[in-house]
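These notes open a run of structures that come right after.
Heads up, the next two complexes both have chain A, just with different partners, chain B and then chain C.
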Partner chain A sequence: MNFQKIRTLLGGYLFILPAFLFFIIFSAYPFFKVFQLSTTSWDGISPVAPFVGLDNFKDLLMDNPVFWHSMKNAFYVTFLALVVQNSLALLLAFLCDRDIRGGNVYRVIFYLPPVLSGIVVGLIWNWIYDGNYGLLNHFLTFIGLGNLTRAWLSDPQTALISVSVIHMWKGFGWGFVILLAGLQSIPRELYEAARVDGANSWIVFKRITAPLMIPVFILVSILTILGTMQIFDIIISTTGGGPGYHTEVPITRIVAMMIGSSKFGYACAMGVVFGLILLAISMIQIRVSKMMRQV
Partner chain B sequence: MRAGMMEVNYEKVKKGTISFFIHCFLAIVSLSCLFPLWWAFASSLKTQQTVFNDLSLFPKNPQWENYYYAWAKADFSIYFLNSLFYTVVVVVGVLFVASMAAYAFSRLQFYGKNVLFLILISTMMIPIPGSFIALYVLLNKLHLVDHQLGYILPQINGGLALGIFLLKTFFDDLPKELEDSAAIDGCGRFRIYWHIALPLARPALAVLAIFNILAVWNEYLLAMLVLSSKQLMPLQRGLMVFQGAHITQYPLLMAGIVITVLPVLVVYLLLQKHIIKGITAGAVKG
Partner chain C sequence: MKTYLRFFMVSFLALALTGCSGESHKQKNLNSKSITVWHWMSDREDALNELVNRFENETQVKVKLELFAPSEAYAQRVKASAQTGTLPDIYGILGEKRDFASFIRSGYVKNLNEELSAKLGNETDVWKNSFFAKALAVNEFAQGNEFGIEPGIYGIPLDASTIQMVYNKKLYAKAGLDPNNPPRTWDEFIEHNRALKKSGLPGFVSGFGEIWMIDALASNWAMNIMGEKKVFATYEGKVSYNDPDWIKVLSLFKQMADEKILVEGAVTMVNKTAEQTFANERATYAFNGSWCVNVYKGMNPGLEYAPIPPPAVSSAYPIRVWGGAGGSLVVNNGSPRRDGAVTFLRWLTAEKQQSYLSQATENLPSVKASLQHISPILSGFADDMDNATHPNVYPVHEYPEVTEAFNKGIQSILIGEKTPDEVAQNVQKTKEKELAKNAK
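Right, the complex of A and B next:
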């Protein structure tokens, strides 16, 4: 091996060194540290972190209904997002895929809510839902449904669904853009050829559009699940998890356990359990992506 | 000929009706997207007394001084400049570090290349919701809690996986001839990367930059955990602090929201094509 070759070899490592340092310090270390801390009862301050084995996990699985309630809430929002938000996104994508005038304008507008932050969106909707001055109540009174008015976000009956609506409002444009991109990647010639062969709209949809779109739709669904399960900004800027525990989600619980109760070890155990659930979903995502590549 | 025209007209009317209803539907959805934003803007121009009862969308006496108060008296100038600073630093950091690694993974030969690449990319696949606890612990040890670097470095790291992936794909598709001839001329690896590959990668770098600008500008969780002094807070954190302290000062809060949203809006409207390209590329990342 001559000098030149060694230099070239080292060169490669030097190029990836900064990225790797970042990875080790800010990704790998926290990743393993979470597992280690999850077996302690560390309070975040004291120099020693007492080892408690799997006690945190035992307590979490057997004795923490609030955490599982928050998980249930996240699943509820996720289910709504999957059904309502993605159906709307798909419908809009189909409508805009026709050579409709102003299609691009619609696309720009629909993608506006997704570029806003969850905090901004939450704070604006806070006011729409407000019990005393909220726009929604004004509107309901105006159309003669005054008996429905309420403080939407602090009423236990409507808090979770109200938050879900905000989340879906912010998210549907994102699904729409990806689904539309999927639709537009289908070669027009395929449609024309099918038409020439005498296929009607339904056959074209069944034989061409649907098979090509299913992988994209599955991808959007899985990303919707991952994104929605980790919902946080919209919750913290509207209900903060309340009233009671009615809009608590896993991330708000983890943050509350960490900052509110100073139970760092326990919060890490929550993170691990929640992470494993998300990992299971991610595995599906990877499989689907592989399927997509083969198509 | 008349009969023919009648037929054409019938078809046309049918098509026209369908497209009319489609446009109506799309317009309603569009309005629902725009209305809350306009409502926030209109409210930011009302007074504390009128804001709860005046439902007009075009306030008669626009109180532009609300923006002055929000900017100067309610600390939004500090938050704004901080957000700007964090965004610029993180984006430059991501572009630099990611492009260097991506270039190496695409062009250079070294042992364990593929494994190292997969390891770096894996962070994109595995969600680790609890890792912010350990990240906080780490930052605490490094004395970076309530420090600008504590907010900047993790976010640079956060942008790397997607950045390396996108840029490597881009470099892979780029013809090598220019670089080869530069190498023959005796150009070093770093100079080839810096002077030849990087300028060629501008379109991909732009997509990546926009992607990260939006992510950093809109980030909240890390800012909440890491930053506690007002002097260091970005806009999202500042908004929450303001609303916590002055819950009923709606016009000023809405002015703060407009200040927060305006740059995003400008960037988005100017670059929407690239943004949408980036989103689709980012989504089909697996």
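Right, the complex of A and C next:
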């Protein structure tokens, strides 16, 4: 290798060096640090972090039903978001894909909730769900369904679903924008050709829209799963995980362990396990979607 | 290409050097002549700034007051700064006693025993004696404390507080009840609530979504029913949570649920919303700290209310309320301006400054001499200072997991999901697990 080649090679590495350093400092190092801390009983304050091996993981996996209950709650919200939130997003994307009057206005309106802060959204919905003077109870009474009124966020039967509704309301705008972009990228000639061949709307959707939208569906569902499993701000601003443990999710448990109990090491172990579960879900999803594409 | 490469390398090195200047920043902090104070008390920001101005004018010493809110964010900042050795000269530690102990053990907090036991100039008494003993006690580590900390007082209370019940006098009169005769016992409390309900008036509110408030109220009643010793014996693991006295404590919340005393949604309500509910007269009673005087004044200046201790369930032991220091500040043991920091705190807790602070912020002063300047309502909160206690002064502490199981269990009772016996069993199970884990 002559000097010129070495210089060219070195120049290339120098160009990627800043990005590489940023990656090491802000991604790789914290990632490995969390792993390292998860094997300690660090309290988050002391300069010493006593090594406890895999004790935190053992306790978490074998003896922490509250954490696994919170995981179940997160799966429940995620399932609702995948089905209801994304169906709504798809429906609205279809409607806006047509040349309707004021289409841009609708796009802005639908995209507003995701832009708002989760805490603000939580506080607004607190007023809507209020058991005494809430808008929802007022509306139900107005339409003659006064027997359904309740403190929606304090009732164990409705707390989790109420929080899920807030999350879906806040989140459907993301799916809407991505799905709309996907729909608009499908060549119009395909639809025209199908219509000439006599295809009805259902056939057009089944044979043209759906197959071409599969990559977009995959993207939206991965983002929905990862985003919903990590739900936190809405829970904190509405129920705080209560009543009891009814709306606890993994992140609220991690925060409770970190701040409430000052068990940073244990909280890191929770973070590692939770991260691995999310990784496994994403990998399964990618594999399934690859199989679907082959079909 | 060469020029671009050179430009890029120079820029990168400049950026890298700027980014790596943490040490020099730290050095700058240490060499700075002004005393830096970190706090989280946004409601006291204006008054504190005014006091800082007065101090600077009097002493020519610069003080840099820095506010970080909300308190959760502040607590995290302090912990992160402890790790990087960038704590300010004066700061506050938010958290439980074990967190405080961890800060001390790590060398981040100065023991102020010597300074508090000293008399300065023409002072007639030592600094320590000017404070309410209860306010100072939360910052004290006694001989033989469970954390193994050198005995001493490690923090200076900026103000004091007690957490009690308040009742709305106007709603009381509306229900045909005597507004000057609030409930003193549990039976009276139930009876008065029935009268309120009959008149279509709302009951009791508290921010039970913040579970420490449940803990405060439940421990008031626990100490009233079984006395402090038995409560501490439970924390030590010598008494079971299945004990009839603990079941009795939990049953009070069951009765609250059965009688529908709590306003709808209080179980998951944050205290700010609970404060709004009481201030807007949508609840007749509230369980809240003395800081509420300032809050209610801002929300509804015409609100007619008065503080009362939580109704006593038993006459066997006195009812204790949580209280003591409101916000406390500590001196960074690693600061080169430790002496200046102590001087500033000494000045800040002198009668004149404390009187100004309590009048401007409607908070209880931490020094006794300033008590004469406070409002009558605030004075009502101060009356029970002698009965005040706080987890930070307990000789023994419960495991946080057990406390959480207890408080969440009470939430479950309030929503009618679990019985007191079921909750007690679950709490005891958690307790045994924690005892076994810590015995290892």
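The rule is simple: the second predicted complex is superposed on the first by the 256 of 295 C-alpha atoms of A that agree within 3 Å, B and C clash if a C-alpha of one lies under 4 Å from a C-alpha of the other, contacts with A are read in each partner's own complex, and residues count from 1 in each chain.
The criterion applied here is as follows: a contact is a pair of C-beta atoms (placed from the backbone, for glycine too) under 8 Å apart; a residue touches a chain by one contact, two chains touch by 3 or more.
Keep in mind the model is a prediction, meaning the values are calculated, not measured.
Under the clash rule set out above, the superposition-derived model of chain A with chain B and chain C contains a clash between the two partners.
When the shared chain is aligned, chain B comes close enough to touch A:Phe274, but chain C does not. Within the superposed three-chain model, A:Ala256 lies in touch with chain C and out of touch with chain B [touch as defined at top]. Legend: residue contacts after superposition of the two complexes on their common chain; A:Tyr133 is shown touching both chain B and chain C. Legend: residue contacts after superposition of the two complexes on their common chain; A:Pro18 is shown touching both chain B and chain C. Of the two partner chains placed by the overlay, only chain C lies in contact with A:Pro243; chain B stays clear of it.
By the touch criterion stated above, A:Ala89 is placed in contact with neither chain B nor chain C.
Once the two complexes are overlaid on the shared chain, A:Gly44 sits against chain B and chain C alike. Put simply, more of the residues of chain A are touched by B, taking chain B and chain C as the two choices. In the superposed model, A:Leu60 makes contact with neither chain B nor chain C.
Contact with chain B, but none with chain C, is seen for A:Phe26 once the two complexes are overlaid on the shared chain. Overlay on chain A, chain C versus chain B, candidates 24-32, 78-86, 204-212 or 402-410: the clashing stretch is 78-86. In the three-chain superposition model, chain A touches both chain B and chain C at residues 11, 15, 18, 44, 132-133, 259.
Chain A makes touch with chain C in their complex at residues 11, 14-15, 17-18, 21, 43-47, 59, 63, 126, 129-133, 150-151, 153-156, 159, 238-240, 242-245, 256, 259-262.
Those residues of chain C whose C-beta lies close enough to touch chain A in the complex are 5, 8-9, 12, 16, 72, 75-76, 79, 82-83, 95-96, 98-99, 102-103, 105-106, 202, 209-211, 263-270, 273, 282, 400-401, 404, 408-409, 411-412, 414-415, 417-418, 433, 437.
Those residues of chain B lying in contact with chain A across their complex are 19, 22-23, 25-26, 29-30, 32-34, 36-37, 39-40, 43, 52-53, 55, 96-98, 100-101, 103-105, 108-111, 113, 116, 119-120, 123, 125-138, 153-154, 156-158, 160, 164, 189-190, 193, 214, 217-221, 224-225, 236, 239-240, 243, 250, 253-254, 257, 260-261, 264, 268-269, 272, 275-276, 279-280, 283-284, 286.
Per the touch definition, chain A reaches chain B in the complex via residues 8-9, 11-13, 15-16, 18-20, 22-23, 25-27, 29-31, 33-34, 37-38, 44, 88, 92, 95-96, 98, 100-102, 105-113, 115-121, 123-125, 127-128, 132-133, 135, 138, 169, 173-174, 177-178, 181, 219-220, 223, 226, 230, 232-233, 236-237, 250-251, 254-255, 258-259, 264, 267-268, 270-272, 274-275, 278-279, 282, 285-286, 288-290, 292.
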